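Shared between the two complexes below is subunit A, which has subunit B as its partner in the first and subunit C in the second.
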Partner chain A sequence: MSHDYKMVQWNPFKKRFDVWMLSGVALYLVSFITLTYATQPEGNSFTPIQAMIRATGTLAFLMLNFILCIGPLARFSHRFRPFLYNRRHIGVTTFLIALVHGGLVLLWYHGFSETNAFVSLFISNPRYDSISGFPFEVLGFIALIIMFLMAATSHDFWNANLGPGIWKALHMSVYVAYGLLVAHMALGALQFEKRPIFFLVLGTGAGTVILLHLVSSIASLRISDRIGHEGWLRVAEVRELEDKRAKIIRPVDGDAIAVFRDGDRIAAVSNICRHQGGPLGEGKVVDGCITCPWHGFQYRMEDGQSPPPFTEKIATYATRIMNGTVYVNPKPNPPGTPQAPSEVGGSNEQG
Partner chain B sequence: MSKDDFFIGWAETPEVDRRFMLGAGLSIITGTTAVGIGISARQRPVGSGTWNMGEIREWRGIATSEPYGMIRTLDLDGTERTALLACQGKCGVSAKIGALAGKPVVVKGSLIHRGRHAMIAVVDGLDWIREDPDGSIDGLAFPQPEPIMDVSLNGEIMDSKCWFGAMRPARGKIHKSCASLCIRGGLPPAFYVRDMKDQTALMIMTSGGYGHNKDLLPFVAESVSITGQLQRFGDLFLLDAPVSAITRL
Partner chain C sequence: MSEAAAETLVLALGIYALIGVLVGLIYMFGGAGRIDPAAKGKGLPLRVRLLVFPGIAGLWPLMLTKLFTQKEPPVS
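Moving on, here comes the complex of A and B:
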């Protein structure tokens, strides 16, 4: 976790994942470029750089679509969590592919002139007052800058030093970048390539991303305040709590709470992982520690602290058991505050 | 769910996750590649122009700087032909012809051509053009533009160098910035028209007999209508029209 920062925290799984991902990237590029040349009419052919511009541009867009679908998919099925675990690698790779695309565009379309290429990017098409004529390259450039900021700060070092709030907000700007890229394609390539497949790919990609996020958001909406007791919120009957797992409680005010059961112990912590905001309540108690489903960050049940040498802390909450029902106090303790778990059948059980 | 079913990135990957990742990974790679193949196979034809950049040679003929830098030569196919002149990048060379205009010259460069349209991208440096002491202007002198008819045409303004073969594709909005830079740099603008029978024609654009330049930029790479005079200029067609005669469609 965070006690030591390396460029990439390699492990065998990540290495295998990257080999597969880079093989897929190579397969796409080779297939795209080969077909680009093979399917042109006799005597027609792309310049190699323009073929590469299209191959990298389309690939970066498709990969970004997949990246944005990983989050919702992982909420629907935990089988997608390995993709979520490696999402950062896919994101950085996507940025590098987009960088090649942008660099080639800058060189090819805006270079070889007395006008500075970056100046040309903004002035060569002055139709900022038109929708169909809008200079779409500018949209792609801004999206690339956002993707650069995200790739550059994707490391845990930045997460720890910027703080989870700023870091999360910065990385949520991927949605701004995605919107810009959809507009970049709609106002650029689709103004020239007007066959249905181009509209289909863009529409299906954007539609899938929007639909998955809508459904995912609806599924996790705060349903209601829970019927409680003296300000405590009802969680569930003790027998309803699965061992090693949690039930997520969403107070009307404040962050969601994950109430875990580990054998006879019941403890509540913030549902938000200190690392990247992963949903701890979808995790599991492993070796006595609450384990985040996203990247495996761990916290002790009794005080919300990561086991040494790690230093992350999350808020804890008081729990109690009355007449076989588990309740949680929705007022959070400061992160890392010791809070004794309730014991099933123990002396602190009331009723 | 057994303990092994819970995926933790830094721990050993559960077998069920391995199997899922293998299937999902293969499906995603296959699907993405299939989409890429579908896109690549459905791209518009990009044109047949070529630029033999590595084949530098000398071309003999008569040079002119108006309306654009050009050379009239027998070296293309043995007949009197006109080749436009350009630098290696996005600029014209008419201002550099200077006192050699109207004289026999030797030009060094590489050929860009598409069908019968030809352009010579001259080499960098000062020695790309020199007077030809053995040359003659007999039979190669540039004629006066010969009016054919007044026309009103719909089409697209583009830069001649890219359309002749420097870039493929070289039309439409995706090429607008490049075409604007080329025309801003002094490369001859061309007007490309396609009729209902899919027949195409290309005319070099002039205004009052002189070359266009930045005045055309608001209309580059867009569908426009131009009312002007069609002229024959040796083996070239010119469309002579002021910028005020151009209307965006």
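Moving on, here comes the complex of A and C:
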């Protein structure tokens, strides 16, 4: 929405979330370092910096796993939506933890030689032609640069000035960073750590991310039961639509459609928010307006326009109710086109 | 990777970052308002300018291109 830029769009809920998140980060670091000392193999003696390197590395990896799981989890259960609303804060915090990890590695393993620390990072392990011995530090360095670009462009200014397309493409590179970090851990810590915690972190994390994305993709592709009448797509029985919430329909061609119910009114709009491409269908209806789960951008149900003085518009779709079943016309109206919502039990209900 | 190649790479990254800092400063002191009317003057407070500075420094080739070629204001 057009407005003055604010540093952080905090509200009481986001503040509480951040306090809980930072408390969790502190608890993890303290617990990890305590356990490291309690369980270190005989003859080993980790320095506090080495323990911190491991603690921040595993924490950043776990947090990135969680970030990647939030989207699919929020599609399955509303209970995960608070995390979806605060994913940007989790992402920036993850980058800062990864930055501490990288900084400590640079200081501890490369900072005491006469060679420039960054040069040392690239040449300390010269086995670039090996698979198992590949210099994993370089993979982590590239992943950190990607995470930096994502964290640095997470402010609203960037969406407005890069455009939603470039912004989203840039932030989809999180999957590249994640792949690099999996390789970074597999070729790094797992090669010389014998304690099971590192295998557990990597295996459980990567397995969960892959499984959730697969299940979520398969669920969203189930379109055979959507074929309705005269090209209209079946959405659901009226009673299946939760009040103030949406069901997301994905036509074979075209963008995903969010079909919202607000009391007796049912309306359909594009699932893509004009702000940062957020999934509107995972949001809810607040004060009669569809509200994006990511940053709270709002659109009126009846015409897909942001309430004045804002000017954003999204595509609307025609809906109808036949025999207690809701259908949507997959052909979008131009953004901001008025489209009367269907009324449950109203005159436009058929059958 | 040879030491010479690594030194060249690190030097290139350093130059990239240095130019990024310069372009970031240009944006902080007026450039942002030139491509985005909402970012003019008090529309982009100092602490927000500081917040977007690293991104401008990191993406400076793109932002420099925008500064000289963008004619239309951004969508929102």
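As a working rule, the second predicted complex is superposed on the first by the 251 of 351 C-alpha atoms of A that agree within 3 Å, B and C clash if a C-alpha of one lies under 4 Å from a C-alpha of the other, contacts with A are read in each partner's own complex, and residues count from 1 in each chain.
Quick note on the criterion: a contact is a pair of C-beta atoms (placed from the backbone, for glycine too) under 8 Å apart; a residue touches a chain by one contact, two chains touch by 3 or more.
Remember, it's a predicted structure, so these values are computed and weren't measured experimentally.
Once the two complexes are overlaid on the shared chain, A:F13 sits against subunit B while remaining clear of subunit C. Of the two partner chains placed around the shared chain by superposition, subunit C is the only one that A:R274 touches, whereas subunit B remains out of contact. Once the two complexes are laid over each other on the shared chain, residue contacts for A:N161 go to subunit C alone; subunit B is not touched.
When the two complexes are overlaid on their common chain A, residue A:V252 makes contact with neither subunit B nor subunit C. Within the superposed three-chain model, A:V176 lies out of touch with both subunit B and subunit C [touch as defined at top].
The wider contact with subunit A, measured as residues touched, comes from B rather than the other of subunit B and subunit C. By the touch criterion stated above, A:A219 is placed in contact with neither subunit B nor subunit C. Of the two partner chains placed by the overlay, only subunit C lies in contact with A:N116; subunit B stays clear of it.
In the superposition on chain A, contact is made by A:P126 with both subunit B and subunit C.
In the superposition on chain A, no contact is made by A:L211 with either subunit B or subunit C.
In the superposition on chain A, subunit A positions 115, 126 are in contact with subunit B in one complex as well as with subunit C in the other.
Taken in their complex, subunit B has these residues touching subunit A: 3, 6-11, 13, 16-17, 20-21, 24-25, 28-29, 32-33, 35-48, 88-91, 167-169, 171-178, 180-182, 184-185, 217-218, 222. The part of subunit A that touches subunit C in the complex is made up of residues 1-7, 115-116, 118-119, 122-123, 126, 128, 148-149, 152-153, 155, 157-164, 274-275, 311-312. Taken together, the subunit A residues at the contact with subunit B in this complex read 9, 11, 13-14, 17, 20, 23-24, 27-28, 31-33, 35-36, 39-41, 43-47, 50, 54-55, 58-59, 62-63, 66, 78-83, 85-86, 108-115, 120-121, 124-127, 133, 135-137, 187-189, 191-193, 195, 197-198, 201, 244, 283-284, 286, 291, 293, 295-296.
Residues of subunit C that touch subunit A in their complex: 1-3, 5-7, 9-10, 13, 32, 35-36, 38-39, 42-45, 47-48, 51-52, 54-55, 58-59, 62, 66, 74-76.
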